[in-house]
Amino acid sequence: MANMAQAIRMALHYGEEHLGVTDIFGEDVGPPLGGVFTATQGLKTTWNSPLDERGIIGAAIGLALAGQKPVAEIQFGDYIFNTIDLLKLAGNTYWSGNGEYNLPMVVMTNVGAGIHGSLYHSHSFESMASHIPGWKIVLPSTPKDAYGLMISAIKDPNPVMYLYPKMLIRAKGEELIPGEPEDERELRRMIDAPIGATLYDVIEARDGWQPSWPEGLTDYSIPIGKAKIVREGKDLTIVTYARHVILAREAAKILENDLGISVELIDLRSLYPWDRETVFASVRKTGRCLVLNEDTPVTNYGEHILHHIIDNCFYELVAKPRVLAGADVPAIGLSAVLEEASVPQIADIVHEAVAITTEEP
Amino acid sequence: MANMAQAIRMALHYGEEHLGVTDIFGEDVGPPLGGVFTATQGLKTTWNSPLDERGIIGAAIGLALAGQKPVAEIQFGDYIFNTIDLLKLAGNTYWSGNGEYNLPMVVMTNVGAGIHGSLYHSHSFESMASHIPGWKIVLPSTPKDAYGLMISAIKDPNPVMYLYPKMLIRAKGEELIPGEPEDERELRRMIDAPIGATLYDVIEARDGWQPSWPEGLTDYSIPIGKAKIVREGKDLTIVTYARHVILAREAAKILENDLGISVELIDLRSLYPWDRETVFASVRKTGRCLVLNEDTPVTNYGEHILHHIIDNCFYELVAKPRVLAGADVPAIGLSAVLEEASVPQIADIVHEAVAITTEEP
Amino acid sequence: MDKKLKLKILDIMITARCMEERMAKMSKSADAFFWLGGVGEEAFNVPLGLLAKVGHGLDYDFFHFHYRNGSTMVAMGMDPMDQLRQTHNRATDPFSGGRNFCNHYARKAWNVVPVTSTIQTQMSVAPGTAYAQKRHGGDGVTVVTFGDAGTAEGDFHVGLNWSTIKDRELPVLFICTNNAYGISTHYDEVHGQDNLAQIAAGYGMKTKVIDGNDVEVSYEALSKAYDYVRKERKPFFLEAMVSRLHGHSSSSGGNRIPDGKEPDCLHAWRDKLVEQDLITREDYDRKYQAETRRMLQLLEEVRKEPAPEPGDIYNYIFASV
Amino acid sequence: MDKKLKLKILDIMITARCMEERMAKMSKSADAFFWLGGVGEEAFNVPLGLLAKVGHGLDYDFFHFHYRNGSTMVAMGMDPMDQLRQTHNRATDPFSGGRNFCNHYARKAWNVVPVTSTIQTQMSVAPGTAYAQKRHGGDGVTVVTFGDAGTAEGDFHVGLNWSTIKDRELPVLFICTNNAYGISTHYDEVHGQDNLAQIAAGYGMKTKVIDGNDVEVSYEALSKAYDYVRKERKPFFLEAMVSRLHGHSSSSGGNRIPDGKEPDCLHAWRDKLVEQDLITREDYDRKYQAETRRMLQLLEEVRKEPAPEPGDIYNYIFASV
């Protein structure tokens, strides 16, 4: 199965061929590297931008104003914070001009910890992103969703923030993407660029290289705003996204097997707009819920979800609903000990889940 | 009584004279203007910076690293969004260096709507600010608090974000600041710079002008993290800050007089850290609460407060707690109609309060 | 410059001036909350609009305007009534539906992208439209205008840098209208260069500094600059020294500055054309009075137009898929 | 340059090189998650450290370092063990307590302000320390170092602009170590100037471009540049063309690049000193091997030191009032 980087690459290829994508650009996005996580290798509209996030977002806005369809990458979500004013402008352009100019642009960047990336390769961005009006925000946890959400992001005539979890970029999927070859070695041979020990070797190895894209790729898409019930359950609803879907799934197994607690696990996939109906239906069913993510806890996106659960399901809750987020600290430390202490781990999820389901009011 | 601009000015003067403030700077902060809202007139350490928010925050960090004590102004909170990465750096400097460098700096800017400022003189910033770790954040609603919080901000050895409500800058206080002359015309004569019809006239009028500072100013300070109970009540707790303290007070009068609903009104004053004990004690008493502000509603600071109220008082709540925030729109429009429709008004507060207090589960 | 053109420019300058003066007055009454604009920049801004290639799409010029380009818009054909609509924040305001400050244009039919209040961000956005134009071919250029103080923002560098990449130079006409002030702060207090073109020149682009109060100088410099960018598909930096005759905005009073402090380009042009016998002083005064009256009449019409409705805040948040 | 100095520089270069090579190796094992550093910049970075005025407070130089200044720190007196501690993210890491990547120094006693991963933000911060120094008097300067690609950030302009304001020029020594790459992107693909000093020159500051692979050239240029800034209290921009001998970082392998692709300044200096009979090749090899061994021994010590504790994440969030 494709990993997430390959899934994104294939979706971008489909976008270039069939959906009018004109520019895929950012730092090291074009040849020879094709992205620090390989997500843009072999594509035909890629180019390398100056090392300048403000210029990247600015150029994306300009390209969209000029009727192009850009996909701009910020190399790490950690480095997007010098562009918030521009992201706000992109989000209010359609509104401020009373409908004169909409901006069909995608900004793609990776988020979250898990790669021992220290302070500046571990940042979450979703809380702040969700506070910027005028953007749709997606955040897949599987390669197949990564493909389907990228297709939707490209098709959308509005600014779409395409976030993806750093830690899952190289994780293989469990489901085939429509059109993807069954044999993953085959896929690698077809679309992964040759490697090399140093940049000089890489350049040499890639001289004249061309990907051979799978023929049968489709416009398989995940609608923006549609969550996925990853597993059904009856005792507790866990609402999460990104790599915490994976961790929560592990926690759910432990809870089921060891403690007989049945967890319903929801992967939001879209953070704005988000799938209120699926979440509320589940919480109404279980009466208990945990909202889970790894961003810092003050004015955290999960608190927004909690607020609306309260607003819509308050009298159906049978136990205090909770938010489990990252620690209230300035950053993620490099040492594995520090990283683990800062980001909710499986044991923490189990612990919270037990607390919620065993709570006596 | 002093207005808020005068209160800030006097506190800054006290800071220059007694608390080691070395630099008060920003766009148009120095002579001839002394700040677009007059808050920095007549001070001795002011200077005009280039029109460059990144440079302003950067210079403040550099000055603090060099052992100075800067107070940097961003002319409007609306224009602080290109500095978020730098604010994050300021907030993590002490932590990232494991205690090597703390940053004694104050960043001061105004927030909120209410002056018919259109898209870019109406922004709230507190939700995003509160998501930046390593900062303390204060936001006064009265001149006296403005004075006392500025004194605390200056004394603090950490980065402090000093926000103040645009709309209340010129509103007079109801209480004397210690050391302030009783006669407000006297105060104006002493510390307000002469005015003029154009910049040329202003420059001429201020040539040689010197303020005469009140002698008796003190280090009267409001501790960071301490809320104020603006009025006591028993049916409903309203937690708010900034200009919504004023609006909520009006709403509370209406609720009391017309409907017999007794509101306990809390002015947070500090947003990080915030006064958990005062809030929780009140909510435990009334069993009902409304968190109120004007920032946009997705991942809103009020949702953070709500989350912790849920976490600490869930089983004591007798009705669904609520958040009333700004409309989910990209910005505030210029037309008064649009502005009013986007920001909670007195009638909206009354409406929510009635809904909460009359709710039948 | 022939006689017809000279008179045409004068006419547009008068219209634009009378429009702005009306707007400044509006801001002192219940008609408007705010004014800022380009009173004192007409000698430069009118030719900027006249020489533009106005239309929709990549074959035409793109405009990333500063908030003092009212007279440019008039020169491009804007009905002053539209500007009064915005100033009076009517629902009929075609640029923002009563949402934005005056001089915040947005007109897709003319490639006028939304003017933003955030100083200098247009410099980071402009390379995007220019990149599309360069790829498209043709002779459309991207025009980006800004003040002197705003060049302190990092975005200034972003625009200059992205436009001068080897073999990827962009067709951008950079226009700095230098009025020597950012609100109350004088140029000399926050800059160390004789002019800003010196910084731009460091990137290897062509530059020129001119007296923007002189119509003929401005027209000629702009013709050459537009031409260069159209043909060479490379950037050009033009800095025009201009006046700020009503101060920064209504926040600082919006009043006419004392006589003699800064040149009035409209009066200078008037006097020149009178001297050249192309117009009499009486003609001018008549025109001026007529335009002043017309603006008031337009305003009276505008006053009858509807304000936005509360529910309008929810329009145009997302374009439909 | 006298013999003693020449040999001293060689010794420091060897130490720094062996330290970094050990670190690169660590990143291929469980000893470290990551390496990046300055292998190939020693000929320039060692003199940069040797000529500095190192101490605490406004009378000394302030340093806003790029993440390739390991050999500068060694030249300033850093114990390589401290760097290994950081690379191995030990609790004993004096710069960040196991929190930050290697080469992310912070040492208040030497005015080394925390190195930040955010490219080029140091350019926006540096004017702050320089402003304090200028006001304080004395001859302390602010040194800010950065790569070539990072100059595309708007912060580049911010630093240059704030340092060149009329009558408020700042004592900043701007150092660009130009290795012709930003990760995988070549200089020519994203710049249009022969060198970055050309841009800086546009601000009216003194600039120089040198071969940073040459110790003597570097030493001399740095002496002059430091001197100028110390005395004139004005900025200087020095651009050093350097090599990147192990590529960008461990993310791109951290392997030694193929022979002959880029000059190795350590080898060049060794060969020169051998040629000048100041050292024999055997001396050099012995030293090199000894330092290589020493680094391994230091690492063995460091391995025994404690990792941070989970609760440590809550240390140093706020300084106490």
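Chains: A, B, C and D, in written order; residue numbering restarts at 1 for each.
Note that in this section a contact is a pair of C-beta atoms (placed from the backbone, for glycine too) under 8 Å apart; a residue touches a chain by one contact, two chains touch by 3 or more.
What you see is a predicted model, and the numbers here were worked out from it, not measured in a lab.
J.: Going by the touch criterion stated earlier, list every chain that contacts chain B and also contacts chain C.
T.: Both-contact set = A, D.
J.: Please indicate which chain is farthest from chain B, where distance is taken between mean Cα coordinates of the chains.
T.: The chain lying farthest from chain B is D.
J.: Counting only Cα atoms for the centres, state how far chain A is from chain D in Å.
T.: Chain A and chain D have C-alpha centres separated by 35 Å.
J.: When the centre of a chain is set as the mean of its C-alpha atoms, what distance in Å lies between chain C and chain D?
T.: 46
J.: Centroid from C-alpha atoms only, then distance chain A to chain C, rounded to Å. What do you get?
T.: Those two chain centres are 41 Å apart.
J.: What are the residues of chain C that contact at least two other chains?
T.: Within chain C, residues 96-97, 99-100, 116, 118, 121, 124, 152-155, 158, 161, 165, 189-191, 317 contact more than one other chain.
J.: Check each residue of chain A and list the ones that touch at least two other chains.
T.: Those would be 50, 52, 54-55, 79, 82, 85-86, 94-96, 119, 133-134, 329-331.
J.: Is the way these chains touch best called a line, a ring, a star, complete, or other?
T.: The chain contacts form a complete graph, every chain touching every other.
J.: For chain B, which residues are in contact with chain A within the complex?
T.: 54, 79, 81-86, 88, 91-92, 94-96, 119, 127-128, 130-131, 133-134, 272, 296, 298-301, 303-304, 306-307, 310-311, 314-315, 320-323, 328-331, 361
J.: Which of the residues in chain A end up touching chain C in this complex?
T.: 22-23, 50, 52, 54-55, 57-68, 70, 85-86, 89, 93-102, 133-134, 136, 155-158
J.: Inside the complex, what are the residues of chain D that reach chain C?
T.: Chain D reaches chain C through residues 124, 152-158, 161, 164-166, 168-169, 188-193, 198-204.
J.: In the complex, go through chain A and note every residue touching chain D.
T.: Residues of chain A touching chain D: 27-28, 32-33, 36, 48-55, 78-79, 82, 116-121, 197-202, 327, 329-331, 333-338, 340-342.
J.: Residues of chain C touching chain B in their complex?
T.: 33-34, 89, 96-101, 116-121, 149-150, 152-154, 181-185, 189-191, 247-248, 251-253, 255-258, 261, 307-314, 317
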